[in-house]
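In what follows, chain A forms one complex with chain B and a second complex with chain C.
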Partner chain A sequence: MGDLQLEAIYKDFPSHRVVDGISLTIPQGCFYSLLGPSGCGKTTTLRMIAGFDEPDRGLIRLGGRTLNGLRPYERPVTTVFQSYALFPHLTAAENIAFGLKRKGDPDTARKVKEALDLVQLSAKADRLPAKMSGGERQRTALARALVLQPEVLLLDEPLSALDPKLRKQMRLELKELQARVGITFLFITHDQEEALSLSDRIAVMNQGRLEQIGTPQEIYLAPATRFVAGFLGAVNWVGAIGVRPEMTRISREAPGNGARVVEATVSSAMFLGDCFQVETKTPAGDSIIAQIAHGIGEFQRGERVHVWWHPGDEMAIPQ
Partner chain B sequence: MMRLRALFLLPAWAFTLLLFLAPLLIIVVYSLQTKGVYGGVVEPWTLENYTRLFDPLYGVILFRSFLMAGVSTLGCIVLAFPLALYIARSGTRKTLLLNLVMLPFWTSFLVRTYAWMFLLRDTGLVNSVLLALGVIAEPLPLLYNDWAVIVGLIYGYLPFAVLPLYSNLERLDKSLLEAAADLGAKPWEAMLHVVLPLTAPGMRAAGVLVFIPCLGAYLTPDLLGGGKSMMIGNLVQNQFTSARDWPFGSALSLALMLIVMLLLWALLRRDGEEVL
Partner chain C sequence: MKQRLLPLYVVCLYAFLHLPLMILCAFSFNSSRFTVWEGFSLVWYQAMWNDGALAEATWNSLLIAVVSTVLATIVGTLGAYGLWKRNSKILSGSLYLSLVTPEIITGIALLATFQWAFRYFQLQLGMHTVILAHVTFSIAYVLLVVMARLRTADPALEEAALDLGATEWQAFRLVTLPMLKPGIAAAALLAFTVSFDDYVITSLVAGVDSETLPMMLYAMARRGANPVVSAISTVIFVGLGILIVASERLQKA
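And now, the complex of A and B:
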């Protein structure tokens, strides 16, 4: 047991470099997310940890032990695949028993039963994957990987195949599950909301490189690069200063002391249900969007307004 | 709309009725009549041709045919599986390799069977090489026995086993093998517990496609068995030629057809149309 460490990992595909010098440490027992757009190299990074691909350069260590060169079946990590990759000819219980049987575990029956209980699938133990719902397949895949008590569980976009409502519910279950089993989770996702709500730490990747590593608050509120700022949420750019729309205020009168103010004209106002979204244009031509709560009042197109934010709400990003 | 559809189906119906059902009907009629002195059929109508089928003599030949076809089918699948797996994993060379598997079809089956005679006979390539190398002192009796027939059948029908197995293995989700390895299965364990069970439909299809033509084979046992290795196909042929017993030949063919249909039904009942 121990921390999972990647040291200067490089991986080239025939056409381009997919992973370009990644170094990071994933503390034991942490819910860690690799967040980035598709093609950023996050899945390749996961595959190198699982042993499906080998890095061209760099070391993968787990608690001081080097994993490089070990076959996937020799590594103390297991994977929840994006498509789940459940064995279609085996029932939920048989899928979960697969890894234990390969190890010749004498306690297979009890462990399978416990794993089924853990993911609340005891009633569906004898069901084939084809007869399961999306959520049931997801839980089977989780139980199948967890029952082997890996040192690290790798999750490759495990929620992306679910419908939005189920996805939110599974998100909660996943978080609770990780807290209960205490195993290191490495979660791969392109969904910033998922990463923010689940993770202890997030590493943001772009074009094969790490952009920033930090807690969800750190990377959302103090992004290190423009890419991170933009990937985690909408940003209004006023020169080198970025402000999130929900931090942006609008008023007809000039705000009080200390506020950073820009004068602008309302170009559109939309009611979004939970808030109003007001889009404004500055004389310099920048577009600034503000999400404002009900009760602040409605703004009309063409109206001249003050757009402002409290000091400290802006993100100063080094160019 | 309905009429137009009927018009396009007409050639297919005409073809089926004229060239498939009509000959079948003729065979049914022949099988119920008496043999003529110089071949052909004459009155009276009789069921005797069918009662003769139960003669142990023919039962032995039928059993031999099943055995030979069964061994050949097994041989085909055992040889075809690794080949199909290799082709399915060959990336861009798949098409080339598949065409190589089909290559023998470019020449006549008869010519290719003769080629096997040249390979296997006492003065043939195999014996010549072994003699020249001093491995053997006398030519091995490779031709004109059951094994020669089985080798010929496996050779002839191997592509029919490769193709369904290939299409099955090709569709096999690669992530299942990764999942197996991830869960601790060594490559041979993944093969045994994941690939083999999931290729069962392909194996059944290969089995049907090879077993049926092997069961009715007559050219291969005739040429490579040298008349010593009779299968039911040769028996049918004999009735229409040297024995001049068309009615019994017809009854035999119908019996063979019935057996094949029962077999197919038993197999296809399991996984519906998915097999073929």
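And now, the complex of A and C:
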């Protein structure tokens, strides 16, 4: 057992460099997310840890042991695939037993039963994947990977195949599960909301490189780059200063001392249910969007307003 | 108007497709030797049953079909797996070439190859050359059917098996092969029917001891209308029809 370390990992595909010098340490027992847009190299990084691909350069270590060159079945990591990759001819219980049988585990029956209990699938033990719901498949895939008690569980966008409602529910279950089993989870996702809500730490990737590593609060509130700021949520840019729409205020009168103020004209106002979204244009031509709560009043198109925010709410990002 | 024409069109289409076979089938139950209906009789089926040469040709055909199917299915399945892994468009695309090559050309090419090889080995045309020829042209069918199955398969399945501790061989045997089973069975049935059917290539590479059922039927039919031919044809048609339906079912499974 120990931390998972990537040291200066490079991986080239015939057409381009997919992973461009990534180094990071994933502490043992951590819920760690690799967040980035599609094609940023996050899945390739996962595949190199699992052993499906080998890095061109760089070391992958787990608790001091080097994983480079080991076949997937020799590595103490397991994977939950985006497609789940359940074996279609095997039932839930047989899928979960697959890995234990390969290792000749004498305790297979009991462990399978426990794993089914862990993901609340005991009643569906004899179902074939084709007869399961999306959530049941997802839980089977989780149980199948966890039952081997890996040192690290790799999850490749495991929630992306589920419908939005189920996705939120499974997110909660996943978080609880990780807390219960205490295994290191490396979660690959392009969904910033998922990463923010689940992770202890997040590494944001873009074009094969790491942009920032930090806690969810750190990367959301103090992004290191423009890319991170924009990928994690909407941003109003006023020169080098970025402000999130939910932290942007609007008023007809000038705000009190200390506030950062920009004068602007309302260009549209939309009711979004939980808030109003007001879009304004500054004389300099910047567009600033504010999400404001009900009760602050409605703003009309063409109205001259003060757009402002508290100094602590802005993100100063080096260009 | 449209509602009336469509069923009529369908009736005409199916008549066009199946009427000759139905006529053939009907006359196999005719008590007369000629194409005039005289009455229902199983006399031609009886004659078929008692024909020793026919039984031998049937046995040859079945033996050739079974052996070539087994070989072509093994080679074709492994080939499809390899092509899938390699994912080469040129290699898999060239498979269609062997499907569109006219049979007579395939037959002549095989005959030339055998004759060339016989200069180095003391061998003659016979069952073995027919079986080899059948394996050759069946492989493409097996490859295409099995590859169709593989194309719809999740490439992550084998990786999942490796990830869970299976070696490459175990991943193939325990995951890929069971998943391919319906496709392999369908491919084998198809290989069996194309082998059992074949006349052109078989007649070119057959020896004296390897007359097959289609060859014998052809010879009998050339000698003039023969209700025994009709009876055999009906039996073959029904038999292969059942196999094809079974193969379709398996492909869908």
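Simple rule for what comes next: the second predicted complex is superposed on the first by the 319 of 319 C-alpha atoms of A that agree within 3 Å, B and C clash if a C-alpha of one lies under 4 Å from a C-alpha of the other, contacts with A are read in each partner's own complex, and residues count from 1 in each chain.
Methods note: contacts are C-beta pairs under 8 Å (C-beta built on N, C-alpha and C of every residue); 3 or more make two chains touch, one makes a residue touch a chain.
Values in this document were obtained by computation on a predicted structure and should not be read as measured data.
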| item | value |
| --- | --- |
| Combined model on chain A: chain C and chain B, fit or clash | clash |
| Contacts of A:Arg102 with chain B and chain C, given as first, second, both or neither | both |
| Partner chain in contact with A:His294 - chain B first, chain C second, else both or neither | neither |
| Partner chain(s) touched by A:Ala85 [first = chain B, second = chain C, both, neither] | both |
| Contact residues common to both interfaces of chain A (with chain B and with chain C) | 50-52, 71-73, 77-79, 81, 83, 85-89, 98-99, 102-103, 144-145, 148 |
| List of chain A residues in touch with chain B within their complex | 50-52, 71-73, 77-79, 81, 83, 85-89, 98-99, 102-103, 144-145, 148 |
| Touching residues (chain side chain A, partner chain C) in the complex | 50-52, 71-73, 77-79, 81-83, 85-89, 98-99, 102-103, 144-145, 148 |
| Residues on chain B engaged by chain A in the complex (per definition of touch) | 173, 175-176, 178-186, 189, 193-194, 197-198 |
| Sites on chain C touched by chain A in the complex | 154, 156-157, 159-167, 170, 174-175, 178-179, 181 |
